[in-house]
Amino acid sequence: MKKNIFSKRYLKETFIEGGLLMAALFSVFITISIVIILAYESYGFFKAVPLKDFLTGTQWTPLFAEPRFGILPLVAGTLLTTLIALIVALPLGMLVAVYLSEYAPHKLREIIKPVLELLAAVPTVVYGYFALSFLTPILQKFLPDLSGFNALSPGIIMGIMIIPYVSSVSEDAMIAVPMHIREGSYAMGATKLQTAFKVVIPSAFSGIAAAFIIGISRAIGETMVVSIAAGGMPNLTINPLEAVQTLTAYIVQVSLGDVPHGTVEYKTIFAAGMTLFLMTLGFNLLGFWLRKRIREVY
Amino acid sequence: MNTTILTELKAEAKDLNFLYGQVHALKDINLPIERRKVTALIGPSGCGKTTFLRCFNRMHDLYPHNRYKGEIILYPDNVNIISPEIDPIEVRMQISMVFQKPNPFPKTIYENVAYGLRVRGTKKKQVIDERVEKSLRGAALWDEVKDRLHNLAFDLSGGQQQRLCIARALATDPRILLFDEPTSALDPIATSKIEELIIELKNEVTIIIVTHNMQQAARISDYTAFMYIGEIVEYDRTEKIFTAPSSKLTEDYITGRFG
Amino acid sequence: MQNTDIRKRIKAIRRWNGIFRIVGLLSTFVGLVLLFALMADLFTDGFPRLSYKFFASFPSRFPEEAGILSAWVGSCLVLLVTACAAIPLGVAAGVYLEEYARKNWLTDLIEINIANLAGVPSIVYGLLALGLFVYFFRFGESVLTGGLTLALLILPMVIMATREAIRAIPNSIREASYAVGATKWQTVKWHIIPYSTGGILTGIIIGLSRAIGETAPIITVGALTFIAFLPEPPISSDFPFISFKWLLDPFTVMPIQMFNWVSRPQKGFQLNAAAAGIVLMGMTLLMNGIAIYIRYKFRKKIKW
């Protein structure tokens, strides 16, 4: 009965465990590769363009004869469309989550959840088409100043697109609030509404915050909707009626063209990608930490 | 007065200690296990009886931060089955276990019983067929399921599921069978069937059973050990424990003064 | 407080409660209404363009002649590569994290890392693939590059779905298996994987449905927008009958074809874009439907 670590069985078990570990570690290699490639190409970029010009310049015209490399217009475009999306997604997502977790009958919830999740499954290029060819013309009827390409229409569509990300994580957090906490509130004579807003939402705060962060991260990284419907002009503005270009849309614009490998213009997309990666990384880590905290509370 | 006559031992715990991280769950346990007898472990909840039982087939090895000290000797091989040098998988192949709640696999009745054989690499259908029938008969379940061996085990009643789990444990000819409160999730009729079965089984296999039901221990066991806060307070023949316990603590427990 | 005051107050709270019930229901329907409007818009624009010829033609300079043959074939081939790469890797990683991993810094690192990867914008995967597959491994702008890029993208989804499905298996089943002397791998092979198949499959199909609609990373790795030929067929009549040349052929996929048409000003191409959108939505909805069905089916079969 002695354990023999050289027996066929032990070798096989060890070998399999090693293989599975490799698969799990592969995800770490992906992150490392992302960082290395972004850093390597960005390094080449920053040898040609001073970091100060990149961070503070107000013009982004890398493909012009006299190129300017100020990232601010792209960051502003990204933040503007993200903000519009959040103005739509956060309140709606919250209302949906409260309604589904506290009010909706079980049957209705079982039907609505998968259908809502379809919103996140629709290919983003389809949303882009919809923003450009359906929503923008409608909005132009109310807002005559709205240009054909603008930040508003893709922002709204993005907002609706990310509702399921916001609502499903918030709802999970609210459902995880134990029943006896709600009963404590009902026993005092509170209505569902009061219980939801005064007891359930505060108890599920970390989860709801995590949901918001996932939503923000999605909106920042969204590409096709803004590429199609927001336009292709870097524009340092806070006016949602004008055309803007986001970090992601810029990368698409360059990728579609014939920029030769190794040039500064080619490297700009990695500098833009690095900016994007760092912005989302911060939000992702914050979201992970918050979700981990919920799991520890209950 | 110690009346145990060590005629034939199947196993013996010697100065066994067990730690869950910093928690000292078992303290200097010494206990003989007689061959082909039923030994019952009784005591209030949290006294360590299940922890002790799970040492016999090294279930604690599945979770981190668990440490054994001391010995459990298996006879006649004379090996210490909790020594780190001993392969826990081989221990489990010889010492099977039946759990508190019936836990059949979501497979057919046949596949549930055949599982232990498949684990050992048995491939011959004829051999497996024979063993499945023998074990189901051994677990007094054959007549009830012989026509539906290929139905899902979940279709059986709770008591039948538990007997199926016993058949699964029997299929590989274990040398010791461990029962961890096997009837706690069952109704009285199913319970009495399992109890009869255990009494029959002891003709073939050594049995250790953890129970919180003192009447059950009195009905089916030959020897009883009373445990309290990780220690064995008293061990003796069952009649002796239930009629004339030598320790005041045992007497208080079996007369229902605490527990 | 007077009795009547309390009654008044209760009435007011009740009213708010009722109002919220309606507001909540309406908010829930905003998304659904939009989804419906989107489908209706696609159908009114694109439906007349759907014909056999549309599926069987290559792209063209003339909108009426143009079709999606190279695009849907490309999508299928890319998806095949994605599935072959992402499924084994993702399931293996999920099994490792649930069944094997000890609680230590390495496991923590892997977990944080997967959570972060799930939130990395898809276009960043495109940049990774551009640097890694196109220029470092020199796979070029090929089906292989496209498939592997999407595999990296959906890997976190497959891992998380696998873990969730495995977590639903009660511990008593594992103990029952170990108690008769099974090894870890036997337990995984005979119990863990079979019992979590439903959940894993659901996750994989949802991941693949996301991959089929992804555009941005595929644009970044340089998929062409105008392809008037098909990749080498995988099966040939000559020895050795199976060919892998298609892996290195250039390609286009459905969403890129659609994007290409959307960005052209002529009305005819806009209609083509809508028609391609219908096909794309059809594929996505079909896959999601299958996933929901599988989840339902397995949930009925295994109840713990």
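Letters A, B and C mark the chains in the order given here, with residues in each chain numbered from 1 onward.
Keep in mind that, in the parts below, a contact is a pair of C-beta atoms (placed from the backbone, for glycine too) under 8 Å apart; a residue touches a chain by one contact, two chains touch by 3 or more.
These numbers come from a predicted model, not from an experiment.
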Of all other chains, the one whose Cα centre sits farthest from chain A: B
Comparison of A-C and A-B (more C-beta pairs in contact): A-C
Distance-to-centre winner among chains (Cα means, whole assembly as reference): C
Whole-Å gap between the CA centroids of chain B and chain C: 48
Euclidean distance of C-alpha centroids - chain A vs chain B, Å: 54
Centroid distance [mean C-alpha coordinates] between chain C and chain A, Å: 16
Residue numbers of chain A (touch at least two other chains): 9
Touching two or more other chains - residue numbers and ranges from chain C: 183
Chain B residues counted as touching two or more neighbouring chains: 89-90
Touching residues (chain side chain C, partner chain B) in the complex: 102-103, 170, 172-183, 186, 190-191, 195, 301-303
Sites on chain B touched by chain C in the complex: 57, 59, 62, 64, 89-90, 92-94, 96-97, 99, 101, 103-106, 115-116, 118-120, 154, 165, 168-169, 171-172
Chain C partner contacts - residues on chain A that touch it in the complex: 9, 12-13, 16-17, 19-21, 23-28, 30-31, 33-34, 37-38, 40-41, 91-92, 95-96, 98-100, 103-104, 112, 114-119, 121-130, 132-134, 160, 163-164, 191-194, 214, 217-218, 220-224, 227-228, 248, 251-252, 255-256, 261, 269-270, 273, 276-277, 280-281, 283-285, 287-288, 291
Partner chain A, residues of chain B touching it in the complex: 77, 79, 81, 84-87, 89-91
Touch list for chain A against partner chain B, complex: 1-4, 9
